[in-house]
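Notes to accompany the following structure.
Per-chain numbering from 1; labels A, B, C, D, E and F assigned in written order.
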């Protein structure tokens, strides 16, 4: 009849399962895709990542050597990290921080 | 309480009661959260909410709404004051009903579908609990020979012993009044359902705060009535009230919300049956 | 690789064929429409016991397509969708959304056609005060 | 000749003459002043009579000899009508009454000098006040109403002269009814009210109207026959047909018959159908006959006879029947969307409530009955007038069509809202009456239960209706309605009356009604409890509510004033409000088309549907009437 | 009876629906007389975009047709392209695809249960099922690197392997889940209030369900034993699946089907973890797809149909998706008339609608 | 006592989202994350809300709903756009029926990156928006409401 009764009472007696996020932060899982990072020391600015990025969030130019990521356009798929010939792009497991305009 | 000067009692009722109500709402939210294995908001959250609401932009759909919100509050306060002064309980209940009617009319004054549906449902809620409340008073009258709250408080024996069946019926009414599952139909106070926030939907900012404060008074009122069932010893009465309060929250957490036709059926058979049975044996 | 179990059908034979499928207890799965330049390649997919059976229909541009929603009610939604996205006139729809099923007035016309979007819309934020409204 | 003799003759026969004058006056130019003048005369007469206070009047026995002749005439008219509309039932009932009348006339009839023919006690004074103050107001309202009615109605509805004759003449008949102490005289007036009602219901001469008029006639004739029989029994038993005698003797069978007659006239279950049908009549008729005065004749009789009923088993059954009507009529009102029908059901329910109070017959109940009679008359008359105005304004009496009325007819709407509020909310009298009734019936469980259920049901249809008409758009453009002065002014006067009555309810109770109750119960010990209650009631009304309202209403007013135009936003329609729709409530839906959001009130037909509730309520009500007669023999 | 009927908009901004969908409801008292959907609030035009993007990029696009069953979208797409390009997927990848598929099914069903519970005001059940769902989300993030959209499926296999330790974690998670399900199951199956709301709500007959082309749990709740996993794509050849069926045809039967499917998914995950062979996780795919193919996969909501037409370039000529909710819309429209307003969200959620799937 | 920050009530509108952001937002309400700790309540209608949480990009049909929901909120109010779609349109930016990010239509205060963002990121974003409510309060009467228009850039071509 009232099937959740036991579980509800158990919940009251036990410690809540809540992770108090801003106070206690859980370490991210290894290999988790948080946000994109690029190591400029190895990058050749070949532009493969920009061409292959599904969301067109990357722009790379050779002449003024620049590599820009629009963080709010990036869909964190990690495709750029996969195809980067020099493996200079990697995924940081921490999530990207919100920002204002 | 009655011994003190009535003016002081009335002022106390007007100014202290909302804080007790707010505390109870806070407790309710905290306990509910714990039952769902959450930490929940701080105990004073209702007060934060109301202060925030009071400072928000006063958006309305029409000006009539405001008057009804005001009347809702006044009638509720009046009801609490009347009870605190130990006045006629039948009148107090009528006043309570008018408070609810004001809310209903406020909801209907806006041509918003959800607000309207909420009002219609609130009417159905009234229809299902009003007879029980009056029957409860009839029961009390038959025992104490008086509708006066002060006579009940002063009477020698606990009401609960004479009204054992009306008490659970009243608890069902309380569940409706507290907007708890399985009855939360007109406002969806807890959780989101088909009519969003129903009757309170078109109120925002300070006017929503008024409704919230009224709810605090209402909660205190219900507590007061429960305590009255064991008026001979206030601590015992409070204990009973606390247990009932906990049970209401528990019920809210272990039941789905049902539909108002079900409520009407249930209240008019089970709860009304209990109340009538109890009243009948008092007659004999 | 080409699609298995595919039968070509002409627009005037379509309803008969579809009714035949209904009698054979086939279920309507979906329709696919592709703009192939001078016309549309429309596929009706029917399903029975995990086997798909397709009817292939070639519709010249500007021609009208009969609706099968009176036979398979379920076809209603996808026919409305095709009407929207390709601007193909479909007659006898049980519920006709009149080309406003997925798209609105401002949206591009026949966006799934070869030409793609034929209308561009821009929205922009303006800081003008409310009073100007009058 | 005493002043009161003149006044009572004026109040009884004056209206008939005025009515004739109005009928004969050609065109509105002459009709209007005559109507106003006669209305004011009647009103003045009524007030003067009330100031004169209670009196009794004996009419010369020679004049009384003419009574059978008048009776014969009236019954002949009824039988003629029966032939004219080819209804055997009417003819049969007419002949039955004729037979009983003739037999009773042949009985040795000892006209005792000490028994007055007209007895105007405080109760009758109150009734006369209701009839001759509210009545003329409604008659004046009818000026504006009928002018419009003529214009909009079809050809056959234009017999305005006859209409006013019956409407004004009715006032005299009704005055006669409440003043008469002699059952035979009473029966004559009774038949006359029936006739007036018949003629006025049938005024439109449509098929519907004819059918309703016929129903009203036969049901009321049934009551008339019961009344005749009662007077016959009374004369045969004690040789006197005076009401006083009847009460004093306390023989139950005539009382029961009179109660039956009262039930028919007050449209109690199972006789409610005629009153509902009567709503086809022009609204002033509904307001005057079918809510304020004529239907009150039934409850008035029961209040008059209450001392004979009090404490008997039969009295209990009458109370139960009243309570049953109260609860069931309230329930049936929920399923109605026709405004006048809701008012009709509410009238039936409230008459039931008054009957309960009368039949219970304790001081408190007696006081409640009188209070309810007064307050109900004012409020209901006003509500009917409002509905009449609304009906002419929007062309419909359906509650659902009254959406947004606040914008179209703001003044009428506000008056109507106050009227409805006065039917259920403090500080108005109906609530006080209901409250007293509740406390009065507390010792009879069944009545109490029905009363409780009925009260809860009452709230439903009133709040539904108020909710419907008070809606205002978020940028309303108010239209000042075009309502004739007569219609507007009469409602205004009634509104003032309601407010005044609410304000003076406590003094009224203390000065007038409780002495009445005291006088009535002089022998019995008035229990201290009830009177204590009264004190608390006055305490309640006098200070906390008014104090708080006085405190908060200005604050609310300031808050409302503080709302700027920019604070007024569209209602929530799930985000799909149509832009630019400032007064409608359109949302975008299929194909991006705008459609107005509508919410119909709930009518709960499966639960409270008229047809299926009536199907089982009527048999129970009939059974209750049989029980009423049955308990006599015990 | 007199008076016009009520007409109200239900949605698009409505907290009961997590997604924008408008139902234009015609009511009499609270009984629904007519319900017509107005959609298009989530229509983006993904099918057209897929013609512009490269077929490899499309994997990430189709995943975002729906965030709840994203992996299955990618799976259906990849399987279609693999058929066109004649790629044979390594065994280990097939098993991994099954594991992630079933984890997705678990999270989707738990999510659905929470939303359903929310629709009838059972907040605790909502909290309970979403709390259990977090376990799945955690293991998904640990194994695939993303909580919701896991982007692991690629043409020719999968992107990531699951290590031995993580496999143990997966097993542990499903154990925890099974324990939690033991709390949830009796609530859905036996609780008085839940049954009051679900039994008889939105009932359609088996005949109707068949004719209207319903798929997934909606069909199975009417006793139609259809589960595309039976045909043995991915590793379902080795792991046999029998369709879970119920006969009620109402919201209650649909809820039962989903709860029982969760147990089934747990079994499948265990079996897959046990039987998974070692080896490569992907083979390279060369060239461009050419020709047309239909690829079907059983999603949590039913069977998804992908029609892919390639013309030998790296862009596709046509990509057409028929999602399960699209197929279940027609049954939904027949369920709504005649129900109570209070049951509208219950019925809508009982088919587990995914509007973003439907409109793409 | 700063109550505005302590009790931000939320209304959530799903514009064009694939559900990924929606369910991650809903996950914030559930026991593991429990945003009610901060007084955050999902009220579900704009009239009660302080913060509008939008997931997904804007399309031609939901643009007016979004606008409407925003207009119906009483000030002070803040807007949080979830995920890549909400911010810029993300991968969907080139779709024919997508108009772009939420900030094309209403002023957005906080953007939360990710596709979908994790519940933790969403919580960060909402709390940041809650702090912004105070800033908005100050210029509540000074600044006029943002007027939003929808107008074609070029005349539609004939097909």
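In the analysis below, a contact is a pair of C-beta atoms (placed from the backbone, for glycine too) under 8 Å apart; a residue touches a chain by one contact, two chains touch by 3 or more.
Owing to the predicted nature of the structure, the values given are computational and were not obtained by experimental measurement.
Enquirer: Name, by label, each chain that touches both members of the pair subunit C and subunit D.
Expert: E, F
Enquirer: Farthest chain from subunit C, going by the mean of C-alpha atoms per chain?
Expert: D
Enquirer: Return the distance between the CA-based centres of subunit B and subunit D, expressed in whole Å.
Expert: Between these chains, centre-to-centre, one finds 36 Å.
Enquirer: Just the number, please: Cα centre separation of subunit D and subunit E in whole Å.
Expert: So the centroids are 65 Å from each other.
Enquirer: Round to the nearest whole Å and give the separation of the Cα centres of subunit D and subunit F.
Expert: For subunit D versus subunit F, the centre distance works out to 59 Å.
Enquirer: Roughly how far is subunit A from subunit C, going centre to centre by Cα mean, in whole Å?
Expert: Roughly 38 Å separates the two chain centres.
Enquirer: Return the residues of subunit C touching two or more other chains; collapse runs of consecutive numbers into ranges.
Expert: Subunit C, residues with two or more chain partners: 100, 102-104, 111, 116, 130.
Enquirer: Of all residues in subunit D, which are in touch with two or more distinct other chains?
Expert: 566, 569-570, 572-576, 588, 590-592, 597-599, 601-602
Enquirer: Which residues of subunit F are in contact with two or more other chains?
Expert: Residues 13, 30-32, 34, 37, 42-47, 59, 61, 65, 68-69, 72, 90-91, 94, 96-97, 103, 107, 115, 118, 145.
Enquirer: Please list each pair of chains that are touching.
Expert: According to the stated criterion, the contacting chain pairs are A-B, A-E, A-F, B-D, B-E, B-F, C-D, C-E, C-F, D-E, D-F, E-F.
Enquirer: Would you mind writing out the residues of subunit F in touch with subunit D in their complex?
Expert: 13, 45-47, 61, 64-66, 68-69, 71-72, 145
Enquirer: For subunit F, which residues are in contact with subunit B within the complex?
Expert: 1, 3-4, 6-7, 9, 30-31, 34, 36-39, 42-45, 47-48, 50, 72, 74-76, 137, 140
Enquirer: Can you check the complex and tell me which residues of subunit D touch subunit F?
Expert: So the residues of subunit D touching subunit F come out as 566, 569-570, 572, 574-577, 579, 588, 592.
Enquirer: Please give the residue numbers of subunit E that touch subunit B in the complex, ascending.
Expert: 6, 8-10, 14-16, 30, 117-128, 131, 191-194, 196-197, 340-345
Enquirer: Can you list the subunit B residues touching subunit D in their complex?
Expert: Against subunit D, subunit B makes touches at 57-64, 66-67, 70, 74, 77-78, 81-82, 87-88, 90-91, 94-95, 97-98, 101, 104-105, 107-117, 119-120, 123-124, 126-127, 130-131, 134-135, 138, 141-142, 145-148, 196, 201-202, 264, 276, 279-280, 283.
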